[in-house]
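Presented below is the structure to which this report refers.
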Amino acid sequence: MNTLGKHYRITSIGESHGQLVGVVIDGCPAGLKLDMAHLQKDLDRRRPGQSNITTQRNEEDQAEILTGLYNGVTTGAPITIITRNKDRDSSKYLEQRWTPRPGHADYTAGLRYGEHQDPRGGGRFSGRNTAGFVMAGSVAKQLLRGIGTNIVGYTQQIGEIISPEPTDFDHMEENPVRCPDPVTAEKMRKEIESARADNDSVGGKIRCIALNPPKGIGDPIFDTLEGCLSKAFFSIPAVKAVEFGSGVDAAGMRGSEHNDLYAVQDDEIVTITNNSGGILGGISTGTHIVATITFKPTPSIGKAQRTVDLRTKEETTIRVEGRHDPCIVPRAVPVVEAMMAVVLADYEIGAGMIPRTLGDI
Amino acid sequence: MNTLGKHYRITSIGESHGQLVGVVIDGCPAGLKLDMAHLQKDLDRRRPGQSNITTQRNEEDQAEILTGLYNGVTTGAPITIITRNKDRDSSKYLEQRWTPRPGHADYTAGLRYGEHQDPRGGGRFSGRNTAGFVMAGSVAKQLLRGIGTNIVGYTQQIGEIISPEPTDFDHMEENPVRCPDPVTAEKMRKEIESARADNDSVGGKIRCIALNPPKGIGDPIFDTLEGCLSKAFFSIPAVKAVEFGSGVDAAGMRGSEHNDLYAVQDDEIVTITNNSGGILGGISTGTHIVATITFKPTPSIGKAQRTVDLRTKEETTIRVEGRHDPCIVPRAVPVVEAMMAVVLADYEIGAGMIPRTLGDI
Amino acid sequence: MNTLGKHYRITSIGESHGQLVGVVIDGCPAGLKLDMAHLQKDLDRRRPGQSNITTQRNEEDQAEILTGLYNGVTTGAPITIITRNKDRDSSKYLEQRWTPRPGHADYTAGLRYGEHQDPRGGGRFSGRNTAGFVMAGSVAKQLLRGIGTNIVGYTQQIGEIISPEPTDFDHMEENPVRCPDPVTAEKMRKEIESARADNDSVGGKIRCIALNPPKGIGDPIFDTLEGCLSKAFFSIPAVKAVEFGSGVDAAGMRGSEHNDLYAVQDDEIVTITNNSGGILGGISTGTHIVATITFKPTPSIGKAQRTVDLRTKEETTIRVEGRHDPCIVPRAVPVVEAMMAVVLADYEIGAGMIPRTLGDI
Amino acid sequence: MNTLGKHYRITSIGESHGQLVGVVIDGCPAGLKLDMAHLQKDLDRRRPGQSNITTQRNEEDQAEILTGLYNGVTTGAPITIITRNKDRDSSKYLEQRWTPRPGHADYTAGLRYGEHQDPRGGGRFSGRNTAGFVMAGSVAKQLLRGIGTNIVGYTQQIGEIISPEPTDFDHMEENPVRCPDPVTAEKMRKEIESARADNDSVGGKIRCIALNPPKGIGDPIFDTLEGCLSKAFFSIPAVKAVEFGSGVDAAGMRGSEHNDLYAVQDDEIVTITNNSGGILGGISTGTHIVATITFKPTPSIGKAQRTVDLRTKEETTIRVEGRHDPCIVPRAVPVVEAMMAVVLADYEIGAGMIPRTLGDI
C-alpha cells in the first residue's frame, strides 16, 4: 500500500494540504552520518517555485528529522523525515470537488475511498507526496555512494524536442529544465513557456542512469531489477511508460544488432554496447543501468474541459485554475533519481553489499 | 523472489531441462470448478512447435494438477500445476557453459549464483518457466470471467510492421503471429521468416487489454495498478518496455490533447478517449485497461558472435545452435495475458470483489 | 522489521529519549470518525506515573495526529499518531552504556547495531515504544467495536498471587493493578510494593479476551490466529510465554477432558467449554478468543548485579538507578489489548468483514 | 497464507489423502550438497507406524526432489520436495463429514471455506502436512550445521510425567517417546499406552534447543526471534502454548532471581544462567536458544462425544474411529526442530551469516 521495499523500506505519509508530507525509512543501516545539506539540496531541486517554468506555490520544503538519528548518525531505527506544508490554499479544490478534473485521480480516488478522501490539493494523490520520495532517495544515494555508485537523471525529451546523448552532466543544473545540452535546454524551456502561454501543458521523458553499479544484483523471475524499478517509477504521478536500455526501439531491431557482445577490458568482462540497459535476466551486468521514464503532460490546464458533476450525473465544464506546472518533467528529475536509489539500496542491503552496520564510531 | 502477489499468490517452480516446470497458486478461492480444457488451450497457445515460425523443441506441455482440487473443484488450498519436460537435449548448453551467450542471462546468472546454477537450457532463466505463468493465468482468467472481465492480447508490432488498431479479435488465432488483422499478420509472418533465413531474430510488441474491468481497483502510491502490472510483465524474459495507454507517445503531447474528458453514457460516467489506459492515480477508471509490452529480438541467433571464455578471460566466438524462436512475440501473447490476469485477480480478491468462497456445491 | 500486519499495518517509530514515539497505521478504512477521547484514555492507562506502583517518569503522553484525518474522519491514507517525549533524563544511561544491564537488551542491541544504537533510556528497545502500539490498538478497537467485538485484558497473576476466574470486568479499572477481583487486587498491590521495598521487581500474567469475535477468521497453516497473535504479543518487551485457552495445562490433560464438545444454543452452534481458546485449526470458532501472556519481572532493579565492561571485558557490578516499574504488568494491560485488537483488525479487513470504506458522509 | 519466512521461505502444499504432501523452499543458497539420507532420517522420525505407540497408518514417506537440484547440489532455484500418499482410506471421513469432530478443525474449516474443503483425512488441516515442514527443516538444519549450530528437540512432558533436565541427548532416539532420560521415557510410554487403553489420548511438552547459535540474530520490535519462532511453532497442529527460557514460571519470580548475570569465559561474554532462553530484546545472546512447546491431547479419541449435525443443526454423537496417535508428542519432535531450523535459517540468510552462494564446485 504505502510501503515500498523489503530491506530498505519506505513508507509515505502525509497530504498535500495537511500538516506535512514525509517518509519513514526502515532498514537503513546503523552508522551512516547523514549529510543533511545533500538531502536539502535534492529537496530544493524538486521544490515548487524554483524557476519561472514551475508552479508558483511557495513552499520552503525544509527537511526535518523526527526519529532514527542519534548525534547525527543513523542508529538502525526507523528514520522519519518530514517537510511541513505552508502555502495551503484549498478553496479552489473544495469548490470543484464534485466535478472531477480530467486526467487527475479525483474520479478514481472517489471510486476507491468513497467520499472520505482529502480533496484539498489532491490529498494523497498529489505530486507533493514525492517530496517524501526525494528525502528517502537522498539517504539511499548516500548509502550507494559509499560503494561507488552514483545516480544521475536528466530531461531527455520535452514535447517533440529530444536531447542528444550527453557526453557529461556538468551543466545540467545550470538550466531550469535539467537537460545536459545547453542548446536543447533552451529549446525545451521555450516549449514549456509556449505550452503555458496556450493555457496548456506538455509531456516529456527523463533518463536515469546508475553509474558504476555493482555486478550481480537483482533477483530472479518476479523480483527482477526491471520489475522492481518499474514498480517504483510508476508510483510517481503522471508516468505512462518505463523502458530499459533500448526500450521500445527493441521492437524494430534484429538480434544481431541488439545483442550486447562481451569483451575484456582492464581484465574485467564488459559489454561493448548497452542495449540491455545494464540488466540481463533481471540481474545487473555491471554496466550502467539505464531507464527512460515517460511523463504525460500535466493534467491541470487552464483551458475549459468537459467533465461530469458527480452529484447530478450531468455533464458540465471545468477550468482548472490555481498554480500548476506547465510541465512536470524538470521537477521530476530528482524524484526519478530517488526511486532508482531507493530500489538499488534495497537490493544491495538485501544482498549484504551494504552491511547492516557501517562500522563503529 | 519466486513468488508474486499478495492475495492470489503464485510461486514459480522448475527448470527448463529438469523434471518439470510449474506453479503453486495460493489464495485461489474455494469453489471454482476448474475448466481444464481452457487451461490446456492457453498452454497450447504458448507451446513450442505449434507452427513453423516457432522453435521445433517438441513438448506436449500437458497440464497436471498435483494439489488443491477435490472432485475437480478448488478447495482454498494451494494449487500445484505442472507440466513435465520431455524433449531435453542439454548437450549444446553444457558445451557452451563457459562462454556466455550475448543477450542471455548466462553471464549474470553466474554472477548471482556462482557456478551452481543449472546451465541446461537456461535452467531457471529459460522462457520455458513461463508455462507456469500461463497455467496460473488461466485459473485467474476463469476467476475474472466470473465477474465479467476478459483479457485479450495480440501482436501489435513485429520488426517495423505495425498492426492497425483492431476492431475485433475474431480472427486473431487463425494466423500463427496472433495479429487480429490478417493482412498485417501475413506481413509479420514473412518478417519473422526473413529473420530466420538470415540466421537472425526480430523483436516486437504485444498489446494486452482487460475488457470491462471493475472500477476502483488499484492501491495508492506504491501498489498502483501500473506498478504491479509492470513488475509482472518484466518477469517475462526479453521484455524491454511497458507502456500504459498513450505510453511513450505521451511525451510529445499537450495536456489538452491527452486528458480524457468525462461524459455520461447509459447513466454511467465514462471517459471519451482512453489515453490513460484505464488507470488514473493507480486506480482503474472502469474503461478498458490497455498495456503495451515491448520484446527484444530473441538473443539466440545462428550468427557467430563475440564473447568471452569465463575460465580464461579470453575473447572468443560463439554460434548459438539448437532450436530457438526467431521471434518470441507470437508465443508470448498468452504469457502477457496470464500476467495481467494474475495481477487483476490479486487486486480483486484483495478488494473482496472476488469472494474467498465461490458458493457452496 | 518495524512493521506488523498485512491489511491493517502498523509501523513503530521513535525512541525513548528522542523527540517522540509513535505509530503509522496503513490500511485503516476510510470513513472512521476517530474517537480521540477513547484513544487518549487507552494511552492514559499505559502512562507512567499513573499510580504509586508505577515508574515516576512524568510524561503527559498526549496523542497527536499528524496525517490521515480530514475533518476528524479517516481518509484511507496512512494515519500518523505520535506522543512527544518530555521528561528525558539520559544521564544515567550514558554513564552505564558500556556495562550492559542484566535482563535488558543493551548487550544484544550492541551485537546487532554496533555502537550506533541510541542508548538513552533504552532507545528503540524501551518499553516506551509501546505507547505507539496502544494508539494503533485504540483505532483497531474502534473498528472492531463497529462489528460487535470488544477486547478486554486484566491482570491474572502477580508473583504467586493468582486471580480467580472473573465473572465481570466492572471494577477492574478501580484498582491500580487492573485485576477484576478487588480482594486479589489488593494482595497483588502489596506484592508489588513488597518487591519495590526489596529493591527488586516481580513478574505476572495478563489474560486478554476478545468477546464476541466473528466466526471463521484466521488463515491456514502458517498464518494461524494463534501464530499471528503470538508474534504480536512477543513484540511487547518482557513477554516470556503465550498461551491460548488451556495453554500449558493442556500437557497434563486427556483428550476426553480437553475436547470442547459441540451443542446448539439459540440456533447457533457453540462449544460447551473453551479449552481451545476460541481457535481451532488456526481459525476462530466464534467463542471468545482467550490468550494468556506471561511477563518476566522488570529487569531494572536497585540491587547490585554482576556484569561486564564491554570495553575492557572485565567483570564489574551495576546498580540500575533511576525510575522504573517494580512490576510492568498493570501498565502492560492496554498494550496486550492493543496487540490483540491490531491483529484481529488485520484479519477482518483482509477477510472483508470490515469494509475498505465505512460508508459515505 | 501457506508461505512462511522472508529469506528462507517455505510454501506448504498437499492434502492428507490427496496425491502428495510437500514443500517448496525458496531462498536456499546455491551450492549446498544435499544430504538426502539425513533428510530421510528426519522424515522417518515423523513417520506414522514407526512404533506401537503411534498411529498404524502405513506410509513409506519417501522424500522425492522435483526441482531445484542439479547434480545433487542446490542451484539457488526453488526446491520442491514431496512425499506421495499411499495408505489412504477416506471412507470414515466421508461418513462423518457433517458431524464435526470435537477438538479438530472440521467445524472452523467449514466456516472458512464453505463446503469445498477436502474432508478426506482432515485435508489441509491434517498433521500429515507437517511432513513438508520436516523436509524443509532438514535442509535448514544442514545449512545451520555449516555454521556450527545444531537443533535438538526432546519430549519434556507427557501427561503429568516430567523429564528431568537432560545432561546429554545420546539415548534419546533409543526409546519411542524421544525422552533423553530412559527411566522417565519408560513411564511416559506407559502413560501413552494407558491413554490408548482408555480409548483416550494425552498431551505433553517438547523442549527444543538451538545449540551454539550465532550472536546477534533477530530483528527489533515486531520481527523478534521469539515472535517469529512462536508463529512457526503455532503452525503445528495441536500446539497450545509457546514459552522461551523461564516461560510461564517467570510470572512467579523476582527480578534478582530471573536476570541472567554477565560474566567472561574464555574471553567471551556469557550469561551465567539462561532464564532468557538465549534471547534479549528479540535478539540472540549467543547462549542456547530454548523454547518449550505444549501440545494438547490428540482430539481423535475412541470415546463417544457430543457434537452437532451441520445439516440439521441437531445434536448427535460421534465416535472417532480409524487410526490415530494416542499422543502426538513423540512424532512431533522432528516437526518442532524443523520449525526452529527454518526460522533460524531465515534470519541467518537475511543477516548474511549464511551466504547466498556456498562456494564454487
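Think of it as A, B, C and D in the order they're written, each chain with its own count starting at 1.
As a working rule, contacts are C-beta pairs under 8 Å (C-beta built on N, C-alpha and C of every residue); 3 or more make two chains touch, one makes a residue touch a chain.
Nothing here was measured: the structure is a model prediction, and the numbers come from that model.
Asks: Between chain pairs B-C and B-D, which one is joined by a greater number of C-beta pairs in contact?
Replies: B-D
Asks: Same or different for chain C and chain D, when you check if over half of the residue numbers at their contact belong to both copies?
Replies: Since more than half of the residue numbers are used by both chains, the interface counts as same.
Asks: Would you mind checking which chain's C-alpha centre is most distant from the centre of chain B?
Replies: Centre of mass proxy via C-alpha means gives C as farthest from chain B.
Asks: Can you give the whole-Å distance between the Cα centres of chain B and chain C?
Replies: From the centre of chain B to the centre of chain C is 46 Å.
Asks: Return the distance between the CA-based centres of chain C and chain D, expressed in whole Å.
Replies: Here the centre of chain D sits 27 Å away from the centre of chain C.
Asks: Could you give the separation in Å between the centres of chain B and chain D, each centre being the mean of its C-alpha atoms?
Replies: Taking the average C-alpha coordinate of chain B and of chain D, the gap between them is 39 Å.
Asks: By residue number and range, which residues of chain B touch two or more other chains?
Replies: In chain B, the residues touching two or more other chains are 1-3, 12, 76-77, 112, 124, 220, 356.
Asks: For chain A, which residues count as touching chain D in their complex?
Replies: Going by the criterion above, the answer is residues 6, 76-77, 220, 351-352, 355-356.
Asks: Spell out the residues on chain C that touch chain D in their complex, using ranges where they run on.
Replies: 1-4, 12, 100, 102-105, 107-109, 111-112, 124-125, 129, 157-160, 195, 198, 200-205, 215-216, 218-224, 226-228, 230-235, 237, 239-248, 250-264, 267, 269, 271-272, 275-277, 279-286, 294-301, 303, 305-308, 310, 313-315
Asks: Which residues of chain D touch chain B in the complex?
Replies: So the residues of chain D touching chain B come out as 1-3, 9, 11-15, 18-20, 22, 24, 26-27, 30-31, 66-68, 70, 73-78, 80, 82, 112-118, 120, 123-124, 356-361.
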